[in-house]
Every structure is written in structure tokens, then in C-alpha cells.
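We just call them A, B, C and D in the order they show up, numbering each chain from 1.
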Amino acid sequence: MIDLIQLRRELHRYPELGFTEFRTAAMVVKMLTEMGYRVIYGKDAIEGSARRGLPRTEVLEEAYQRALREGADPEIVQKMRGGYTAVVAELEGMEAGPTTAFRFDMDALPITESALDKHTPQATGFRSEHEGIMHACAHDGHTAMGLALADRLKDRQLAGKVRLLFQPAEEGVRGAYAMVEKGMLDQVDRLFCLHLGVGVPSGHIRGAAAGFLATTKLEARFTGISAHAGASPEEGRNALLGASTALLNIHALPRFSSADTRINVGVLEGGTGANIIAEHARMIIETRSADEATNRELERRVRMIIEHSARMHELQAEVEVIGGAIPIRCDLELAALAVREAGHIPEFTCAEVVQDSAALGSEDASYMIRRVQEQGGLATYMIIGTQLSAPHHHPGFDIDEAVLEPAVNLLERLARTMQ
Amino acid sequence: MIDLIQLRRELHRYPELGFTEFRTAAMVVKMLTEMGYRVIYGKDAIEGSARRGLPRTEVLEEAYQRALREGADPEIVQKMRGGYTAVVAELEGMEAGPTTAFRFDMDALPITESALDKHTPQATGFRSEHEGIMHACAHDGHTAMGLALADRLKDRQLAGKVRLLFQPAEEGVRGAYAMVEKGMLDQVDRLFCLHLGVGVPSGHIRGAAAGFLATTKLEARFTGISAHAGASPEEGRNALLGASTALLNIHALPRFSSADTRINVGVLEGGTGANIIAEHARMIIETRSADEATNRELERRVRMIIEHSARMHELQAEVEVIGGAIPIRCDLELAALAVREAGHIPEFTCAEVVQDSAALGSEDASYMIRRVQEQGGLATYMIIGTQLSAPHHHPGFDIDEAVLEPAVNLLERLARTMQ
Amino acid sequence: MIDLIQLRRELHRYPELGFTEFRTAAMVVKMLTEMGYRVIYGKDAIEGSARRGLPRTEVLEEAYQRALREGADPEIVQKMRGGYTAVVAELEGMEAGPTTAFRFDMDALPITESALDKHTPQATGFRSEHEGIMHACAHDGHTAMGLALADRLKDRQLAGKVRLLFQPAEEGVRGAYAMVEKGMLDQVDRLFCLHLGVGVPSGHIRGAAAGFLATTKLEARFTGISAHAGASPEEGRNALLGASTALLNIHALPRFSSADTRINVGVLEGGTGANIIAEHARMIIETRSADEATNRELERRVRMIIEHSARMHELQAEVEVIGGAIPIRCDLELAALAVREAGHIPEFTCAEVVQDSAALGSEDASYMIRRVQEQGGLATYMIIGTQLSAPHHHPGFDIDEAVLEPAVNLLERLARTMQ
Amino acid sequence: MIDLIQLRRELHRYPELGFTEFRTAAMVVKMLTEMGYRVIYGKDAIEGSARRGLPRTEVLEEAYQRALREGADPEIVQKMRGGYTAVVAELEGMEAGPTTAFRFDMDALPITESALDKHTPQATGFRSEHEGIMHACAHDGHTAMGLALADRLKDRQLAGKVRLLFQPAEEGVRGAYAMVEKGMLDQVDRLFCLHLGVGVPSGHIRGAAAGFLATTKLEARFTGISAHAGASPEEGRNALLGASTALLNIHALPRFSSADTRINVGVLEGGTGANIIAEHARMIIETRSADEATNRELERRVRMIIEHSARMHELQAEVEVIGGAIPIRCDLELAALAVREAGHIPEFTCAEVVQDSAALGSEDASYMIRRVQEQGGLATYMIIGTQLSAPHHHPGFDIDEAVLEPAVNLLERLARTMQ
């Protein structure tokens, strides 16, 4: 029997960024295999070319080597080399029935974890071993829950199949799409996605989260010609002039009456020295809208601004999608089921199907949900409340671990309940 | 015998802007014809499609009607309707010889003339009758000199031909090019261009002016789509966003190591009201360089910025050349001749062939000079000094009329001297 | 008895822009006085310094002279000279009771009216006599309704007072605020504002319009130093660089999570010629938000951008409020009353208290409504449906005049009903 | 006796960036001390607070540790810790006489040296041991020459004193100013600065280099407030909007009629991720002009643009001078002396005092030259020609080492010649 808290702390100590979850995913594969699941991973579980915002080769390799040093099973992890860190496990129940899937994300954030004594992971000795990387969004808890759920269900007292999806690179909304493209969401009848926290208090369950925005994350690269800024400025083609023009004009794109929008150029970097006309510049841009078509139109306009900001200064520009998500429309009957089942668990004192809420941000589970729904299945995105020590993505973020046990109880009930 | 001062004052009272010099040019035609010159004018003297920065039809027509009201000979001026206000007159001397040409510009400026008592035209009663228009660059004097010279030479005591060029629209460097294109500078052996004032003191002659810059004047028009800024901003295509982006980026074009440059967006206008996304915007731009190729490269870059500033916002852009000039390289032997002849005129106490000087601005006589030189002739641009009451293009500008008589004496000597 | 259609057509023929409604307002004063109302107008009805977006003195004077030429009563109109074109009329009923106010706007738009035969005013002979100005927003109908209502009520069969507010300069949201500041909305118990059309079909009444946005209209003027762009560009201080920088950065202000916003620089004009560094530039800007505080914050940021865009280039900048409005929150009991009374009028086949709707734009009646509510009164803004031949502000705009009679019937019932 | 080529190659193998020349400077101190010079170094030779563009503490410390690992004398180098890498050595001749100073720069560039076989340092085994750092501007040669000269002069057969200045951080024009501020150029009667190569062919000497530009290098840091770009963009203060606005407007500063200018924002970096409003941005800017006052005015305008681009978006901005130089006016009698002495050295087949040339870039020896001249001394900047394998600052740059011996011969003659 799995010690949930112990397991979550182990995962917390070894946080890994998106597409470099080598140690985590290898551990997941190992445990699920030992439990008797049919486990798919590596290139079989994710479409390589559909991964968005993949880190550079050196980064992938360095993280891979680190995982090896930190005890990842060499045989398993070798199949993930190069950023193939998705894991899917399936188990057939004793009886026939529908396929129920659960999605858990595994990646961490580029945040240096708090070393203050009041921060529980520091005080209790499971602070991140990877300086500058931190589980500050509860994915350690999600992954532990997934493994504990697997452990509960290995008795196969199920009508139908259960499929467990362990996703890399949720941060930056990068990994889910490539698992969908690989077919990992096909033939699913019921899909439960979930998140701990997100402003919902301890003891509360929300069956259907609302307010997720469509989003696109783009990286634009401008290439010009360097030249000596004193001796021959006219021989240069200034990548920073193009990038700055793009930045201002992207922010100046109109508001839309069709739906609320957001736009941000979050990163701009270019140039090498005072006396050189900058040859290179890169920008990271994000668009968002509650409405998918509006977000697409916004993306189209951003691309046009980039192209012509570049051509204006005789630069080359390339644009790459490095992340994306679509809005989520939960199936309320599935949400209602979750609420009903939560009623059987004493720790959950309050459960609601849905609550109008402001924009929550974006989630690439949206692609999974859409695929299931397109194929006639049902899907929902649940929020399981827990007391947080600090906001998500904060160095002092921590969950109240007491939520883990009842949360797994709920998932177990959902897996076994075929109503 | 012509009263030079009287004539200059008459011209001063009826100033006319570029390509609307209907009254002036009609008077020039009439007088030259009466003197016995062969006079070419209207569409015969200027290539219509090569005129740059032509005013709008209504403006041309209004000025035409005004000229009629103010006594222009209807038969003559009718041939100039629509902005064909160039005049060329030729006279063959008694003896054979080379063709000597003189160029005089006729247009005035959109400046409201001073009404102060200390301003001589006001005090003496020949202030502009056309409110808002003024001869503030001595072209009234130039035209008067041209007519007086014609009067002197009508005796045909010449070896060779004399050709007198009365040019419209020098301001904005717009008219000369179209006269050259019509062939008005062909078969000229010697060309004298001139300007009164320009920083040279009374009694001084400079035989060869230096420092003229190549220049291009462009008008850019951006066309987008208007939309209600509150109800549906995204349906608009904002011409002002495109134009402002172009303006900043045009000014941000690099310095050139090949030659000194200048760049200016002098006018930007667009939009109709607070709550409408601007559908139209227009800009007037000028590039300059001491080096013709550099100016051409600068113009190329300006056009590229305009095009892509427009396309970035899905606007249409059109660019039109509304003026231009090239550098001037005077033939020093002709300049030396002018200096020598000036030595015979007591009012000219000092004459120099050339003097290094800072940039003077630009002159479209440059096209005439280039054409003559290309065909093997000689050409120069002389400055005839005169005391000014205020700088060129100033509401209080006036010349010292005492310069007119000796200046015509000099031109007469140059016309008759075949050394 | 007033011929409503005849009166509306008369008003339609003589459209006048905001603060120049001299002929219209003088006619209103004359008629109301003759009906026995106590009429307040000129400087007594509007706070001069609180008028926003007042035209230039010459424009005001020219329109004043035109009104005189077109038959405005000289004695009356003389008190309006300089743009004091508000009129307020009051009548005390036979019995004591509350004060009920109605607001009518009188101004027209700078639009050239359609001259197509299919356009009724053209076909029927009441097209605008003022070329380039047009009643394209039904204010002619509103004013006619106000006068007809006055005529009905002159019998004083009322419990309480009626106050009729004839407002100048609603277009650009400029005039209402100054009437409020003059105290014209004080001691009002019930205020009915209204508009014909606005997307509501013939026969329909909406008792409470929703969706009005807070807005501010600003004019910014940048003043630099002109200089010759070729000879001494560094001596200039370029107003167009400052203005273009402001334009881009104003459009680039962030979206707000607090409320939807709009922003537009609708006009930008500056500079005089290609070869002069621009000394002056002016911009017209509008901000909007459903939330008043958000609109104020947006205005604050716009002002900051203007100030520092100017100072960046050593320019002076001035910013003036030329229009503004706040959101409207109708009192639903008053709206319900209107719906109830409409039920007694056969032409109104459908009436609803309120309907959720997208943003309608902005209305400065909002200041009047706010003032009444602040003093404990009730207020609403009604839409009276009518078939339109073309959208508001379109050259082919026209109302179906059949709405006028039942609309006045409704207002009369509201004036007399003291429920 | 020093093996010049051997020494230069040793220096070449251990290139160090500006203010981290720990190994180089320690070696210089050691050798000069052994030769009997009075050696001043560390905080005695350079004014700490006047150093421009000092690297961050970690960078300084890391380079310091590397120098220790690579054999720098611990006792010597310890006094240089923190970037005090200037060395000044003095020797008094046998006879009384003036003080003659020579300046040698020691720093390398952040360039990865060519590893091609055709690149001599690679082929011959003295390619850089510090990957990414390279002597690509001949300062290894300069330093070797300085040491060889010291060795020649240690016999003290001189009339007067010799002072040898070994300067850190010439690249980026950062180090000379702080040595001047420390008084290292006081009481110098004759100062010889020099550079190998710079377009002058082998066998040629130019006694007085021309064309150095005044320059200022600035680093600007913008600080705003980060915020979630989706959830609350309006709470952010976007450092990248401010920086991009500054970048465009800095490039758009006018050309000057007073002197040719250059301007470049060579680096812009800011922001951390797609979904975060950027809190920080930094820019590196350079201004240049042949005229010192014009460069100062340009710097003033750049600072103003930075300040107000920041304040426009409610950012903080700091600007720091990280480099600078002034024009150089060589004393031609000293240049003539160098030419004369070069005539005694057979390898120098051609020597000229000065040659008009285009802008060479900038040199902070200019501050040393100015100080000497201000105190009544003479100074010049010589170019000693040598065949280059690739342009300065190129990965394949190399000098022809045959120049070193005759170059030192020339310096020796200049040191000993007191005429």
C-alpha cells in the first residue's frame, strides 16, 4: 500500500521542467508496470513533432543525465530520451464496461523554492533538490494521486477499463496536445481532469471548472545583419528595431467586441553589444480569449505584425507555436456525478457542480476534453479544494497534504461507479 | 524700356503657388511674345505626367479663375489650365553661335506676408493681394530679371541663341524635372541658373554655389477600414496605427557612413473623430543626402517601411513622389566667366568662383544642370548677393531692389559674351 | 395644435452642430414662451466653463450669423451668442406634486445628407439646407417631440411641475454636463430620457436602456519647435515624433480585468511641410469602459503617456476634456411605469422593462440621471423603437415618422401620471 | 632577454576580459618588478569608482579564481581582486630629463577563437585556453611589446623617466578614464599610445591617427511591476513597453548639422515568460560623434528619452555610463618624431605623420592624451602597420608577429630620444 504523503514528498524533492520529467516519468512507469498495468510511454505515448515549446537538445540531454544520476531506471528512461516523457497506463476491469480516464500532470516550474523555515518542505526536509526548479503548482500531488489511484484499482474490481494519463509539460500548455495527437484520448467514454487548490477552500469540490481561456503561445525570431554601429550602420539590418516595432504594435492590437482578449509580449531579447547593430532578437508572445475563434484571429494578427515588422527592416522572421489551449466546456452530468460521489466522503463538506468565475488562465487538458467530447464521450475538469500556504507559482507555495487521501477516495469512487 | 522695380512689385502683389502661376506666366508669355521671342508654353513646355506634387484639380481651377478675374489674358492662360504654367522663350541672334539658357523660377510660398509698417511691401503698397500667399523667396525678382533680360536682348545683337526658361513650382522642387522631360533643356550649350540672396551679401557674386543635396519628397497615403471604436473596434483597420509606426521607423532609419543624410516626416494627418477607427492617413516625407545614391537608398528604405507599416495593419498604402532634386556640380569655367564679367559691373565689389559651404538645401534646377551637362554643355548655379530684411521663407522677407539692375547687367553680359 | 411631422421636417432642414444650435434653440425658446412656460436659456441654462469641446470662436460666430440670416429671433438668439444654446422650460401644474423632467437633445452631425431619390428627406423636400450637416441621429424628432409635449401640457392639467430640458451638443457627449453643473437637474423627482431607434423595432418600447459605457474624449496638443529639416534638424523639437509615440503607446495600454475597455486615438494631425520639423500636432482620444473607475484609470494612463511622450522630445503638451459620459443605471420602477403606460397606447405592441444588450455607446444624459438619483429622484433612459432607413450616423438615416405621435402620447401619459 | 614571440603567444593563450585581466596583470607586475621598475598596481593604479562597465561581482570573482588556478602569483593578484587590474611602472634614467609614457592595453574580447587549421594560433598551438574569449584586437601583442620595451630600458640609459601604463578594459572604452582619475597620467611630458594593424599595411607607420569619435556607452535598466498577463494585466507595469518605446525613439533622434553622429541600441533584454508582464528590461546604448559637444547633447537626449519612456509606463529607470571616449587630437611634432625615428629602422619602409581617414571608432586612450595635453605635455596615437589574417574582432584575427621586434625598436628609440 502506497504512502501518499511520502510519495508526494519524494516527487516534490525532484521537480523537473516540462519535457524533462525523466526521473518522475520513469518512476511512474516502473510503479505502474509492477502493479500490472499495461504501460505505454516514450514515443508510443506522445507525438514527437506535436510537442510545443520543446527545450533545446542540450537542456533535454542534461536533464536526462541528471535523472540517470538520480536513480532513474536506465532501461526505462532511455526510451524517453529527447523529451518523450508521457506515460499512459491501462487496466481492464473484471467486468465489461466503459473506459474511464484520469489525467495527471507531472511537470514543475522554473522557480527557486523558498528556504524559509516557515515553508513546510524546507522545515520537513523535502525542499527541492533541483535549485531553481520547484513544484509550485501541485503537480507533485497530482502525480502521487494518480499513482495511489492506480494502486487502489489494481484489484480490477471494475466494470470497464481505466486509463491513467500522466502528462508532461502542462506549464506553458505544451504537452497535452501531442498526447491527443498520438491517439491517447481515443476510445475514452469518461474523462476526469483535476487540479488541487486554484482558490477553492479545503473540504470543497467543484465538479466543473469554468473560465478557461483559449490561448496561443508563440516564439518569434528575427534575424538581420550585424554591422559596426560606428563604421557602417547602414550595412546592418537591425533585429531590435523590428522586434520593438512588433512589440508595440502587438500590444496595440484592438480590443474585440466578440470576446474579452489578452495579449502580452512577455520576453524580448536581442543584440550582443553596444557597438554592433543587433543581428538577432527573439520574442515570446501570448494571446488569450474566452472565445476560440477570437483567439485565432488575434494570433493571425500577431503573426502579421511580426512578419511585416521584420520585412520593414529587411529582416527574416520565424514564428513557432510553443504552447496553446482552447476553452473548456465541461459535461455537467459528469460534474454532477463527482459532486454526488463527493457526498459520500466525509472530508468533503461542500460540493458544487459549477460556479461562475473569472478567467482562471488556460489549461491544455482542454485538448483532451475536446477530443473525448468529439468522439461522443463525456469530460469534466474538477477543482479539489485545499488550503494553500501561498499562491500558485509562488516560492512559498504548498498544499495541505490532508487533501490527498480523500481526493484519491473520490477518484476511486468515480472509477468504480458506472451509473 | 522695362521698369524693373515696378515690374517686380507687380509680380510681388500677385504671388501664385507652384503650378498655379497662371497670372504670372500669362504675363510672361504676353510680354515675351510682344518682344518678338518665339514662346513655347502650356503643354508644349512641360511634360504633364512628370509634374510632381501637382495640386488637386479644384485648387488648380480656383487659381485659374482667380487669374482670369485678375486680368490674365484669357486666350493665353487657357492653354495653361490644369497646371501647365511653364514658359520657354527663344531668340536667335544676328550671328551664329552657341545656345545660352537662363532659368528663372516664378512661384511663391504659402506664407502670410507681414503687414507691419516696417515691412517695405506693406509700407510702399505692394504687399500680397493673395492673403496667405507670398513671394518670400525672391522669385518675383527672378522673374522680373528674366523679363528685363529679354527686353535687353530683343535687339538680337548676339552670336547664337538665347533661351529663357520660366519655371513653375520650384518650391518643393517639383517643376524643373517635368520641363527637362519635355526636352526644354536639350541643345543648350551654356546654362545659367541663379538665386538672389541666400546668405551672400549685397555687392557679392558667387559664380558656383555648392552644397545642394539630393532630395526626394514623398506623399504616402494609408487606407484602412473605419469602424465604431466602441462597438466593433476589431472590424476597423487603423490607418493611424500604420502611419505612426511608419513615422517612428522612418526617423529611426540608420545614419549612413557613405554620406551625410537627412530624413523628416513633415506632415501626418488622419482620422475623423474620437469614436471612429481612422480609415485614412497621409504623410509627407523628405529624404536628403549629399550623395545621390545614398538618397536613393534612403528613399528605397522609406518606401519599404511605409509598405510594411501598412500591411502590418492590413492597410493599403500608396506612395507618390511629389518633389525631388539631385546634387549640383557646377562647371567652374562658367562660374569663372560669371566672376569675370561681374568685374565689369561697378556694383559688384566682390566676386568669387566658389566657396565651400554647408548644405544649402535642395534645388530642382539640378535636373536642368545635369541634362545640359549630359549633353556636353556647361552649367552653373550663381548666387547674386543682396541685403535681406528677414530670412528666406519668413513673413518679413524682402530683397534690396537695388540689386536688380546690376544683376540684369550681368546676365546681359553673359548672354552676349561668347568667349 | 402642433403638426409634429411638419415641425420635425422644419428642424431637419436646418441641422446645427453642437453648441451652434442657435436657430433651433431660438425657435424652441420662442414656442415655449408663447405656450406660457417659464423659459430659462442662454447663460442661465448652462455653465459656460463646463461646456466640453466648444467650437472655436469663429465657428460659433459664423453659425450665429447664419441663424440670424435664417430667421432666428434676434433678441432671443443674441443671448445664446458664443454657444449658450441650452433651453429649460418649466410649467407648474394645477395641483401640487412632484417635478417630472424630460430631456431632448437638439444637435446634428457633420455628415453630408444623402441626395438619392430613395432618401425620403430628399424625395419629400426637407433635405438639409446646411450642406455637410445632417440630423442623422433623430435629434430633430426628439426636439419636435419635446415641443409637442409642451403644447399638450400647456393646459396645466398636472399634479406637480413639468420641466423640459433641451440640450445642446449631445454628439461627442459634451453638453449635458454643463447643464447639470448649472443646476438644471436639481429638484427633479422623475427624469425621463429617451432615444428613437437604436435597434429597437417599430412598435416596441424599452423602458430602461442598458449597456452605456463611461467615456472620456480628450484633445491633446503637442507643441515643439520648428526647424529646417535639412539645415538644422537638431534645432527642432518634433511634435510628430511625440504624437506618434503617444498614439502607439495609448493603443498599447493594457486590457483591464476589472471591466471591458475601449481606447482610440481617432484623429492625429500635425506639421506643415516636407522640409520643416513639425512644431504642432494634435490628437483626439477616447477611452471607454463599462466601469466608471476603470475609465478614469484609463484616462489617467492616457494623460501620463501624453505627458511623457511630449517631454521625451522636449515638447509641451496640453490635454483638454472635450467630452465625457458615465454609465447609466436606470431606476427600474420608472422603466416599469413607462412600460405600463405604453400598454395603453395601441401603436405600442410590445414593451419590455430592460433587456441585456451589448454596449450601445455612450450618452451624456448619464450625468443628468446621476444627478437626479444623487438627490433622491428616479430616472430612466427609454428606447422608443422605430424603423430606420439606414443606421444611425449614416447619410441615408431616416426615422419612420409614424412613431412621433404615439411617442408623444406616451410622454404625455408619463407627465400626467403621478402613480 | 625576452622572447617577444614566445611572450605574445603565452598572453594569447590566456585571454581575459576587461577588468578581469588578473593573470595577465599579475604576470606584468611580476616581470616589471623583477626588472627593477617601481610598480604601482591594484587600488593604487586605478580609481575604483571611476571604472566603467565593471562586470558583476560573481564574474570578477570567478575570473579571479581562474587566474589563481592558472598560476597567477597569489600575493600579487590578491591586490587586484574585484577588478583592480591596472599596472603602472616607472623607471628613472641615469640622467635628468622629461617623463615619457607609453600606454599598452591588456584585455581580450568575448569571441570564440577560430579552431580552423589555417588559423595560426590553432595550427601552432597557442589558441585561447579560455573558450569564448580571444585576443582578437592585438592587445596580446601590445602587452608583450610593453614588457619587451621595459626589458630593453632596464639599463636606465635614459635622460628622464619612463612610465609604462598597462591598461585594463580598453574594449568598451572603460578602463583608461579611471587610471587618469587616479592621477596616473600626471606629470607626463610625452605620451605615446599605439595600436597594431587598424588597416595600415606591414612596414608602414602612421605617427598620428585621426578620426576617433567621441562616444558614450550607457546601460539603462527599466523596472516595472510584474503581473499575470491573463488574470490582471492592468496591475502590471510593463518594462518592455517602456524599453521598446525608448529603443525606437532613441534611433529616431535627429541627425545633427553640427557634426556627423551615430546612435545604436545594441542590446535589449527583458521579461521572463509568456504569461507575465515583464518587470525588468535593460538596454545598452551607444552614441558617437566626431564632435564632443554633439556627443554630449546626444547623450542628454538619450537620457531624456529613457526617463520619459519609463515614466510613461510608470516604470523606474536607471542609466549608468559603462564606457566612453573623447576625440583625439594628436600633437604633430610628436608624430613627426615617431616618423623620423621609424626612418632608422629598416623594417619600416614607409612612414607618414597623419592621413585623413574615415572614422576609426573610439579609443579611451583619448582621456590619457587629453590629460597630458591639459598639463602642457605632448601626446600622440600611432598606428604600427601589420598584415592581418582577418579583420579586428573576427574569430580568425591574427597579426604578423614579425612586426613586434621592429615595433619595440621604435619604442625604444622614442624612449631614449630626448630631442
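We adopt the following convention: a contact is a pair of C-beta atoms (placed from the backbone, for glycine too) under 8 Å apart; a residue touches a chain by one contact, two chains touch by 3 or more.
These numbers were taken from a predicted model, which means no experiment stands behind them.
Chains that touch both subunit C and subunit D are the following: A, B.
Annotation: A-D is the more contact-rich of the chain pairs B-D and A-D, by number of C-beta pairs in contact. Of all chains, D has its CA centroid at the greatest distance from the CA centroid of subunit C. Taking each chain's centre as the mean of its C-alpha atoms, subunit A lies 68 Å from subunit B.
Work out the mean CA point of subunit A and of subunit D, and you get 49 Å between them. Distance between chain centres (mean CA atoms), subunit B to subunit D: 51 Å. The set of subunit C residues touching two or more other chains comprises 231, 233, 238, 241, 245, 248-249, 251-252, 254-255, 257, 262-263, 277, 358-359.
Listed in rising order, the residues of subunit B touching subunit C in the complex are 172, 213, 215, 217, 228-231, 233, 238, 240-241, 243-245, 247-248, 251, 262-278, 281, 284-286, 288, 322-323, 358-362. Put simply, subunit B touches subunit A in their complex at residues 231-234, 236, 238, 241, 245, 248-249, 252, 254-258, 277, 297, 304-305, 307-309, 311-314. Against subunit D, the residues of subunit B that register as touching in their complex are 248-249, 251-252, 254-255, 257, 260-263, 358-359.
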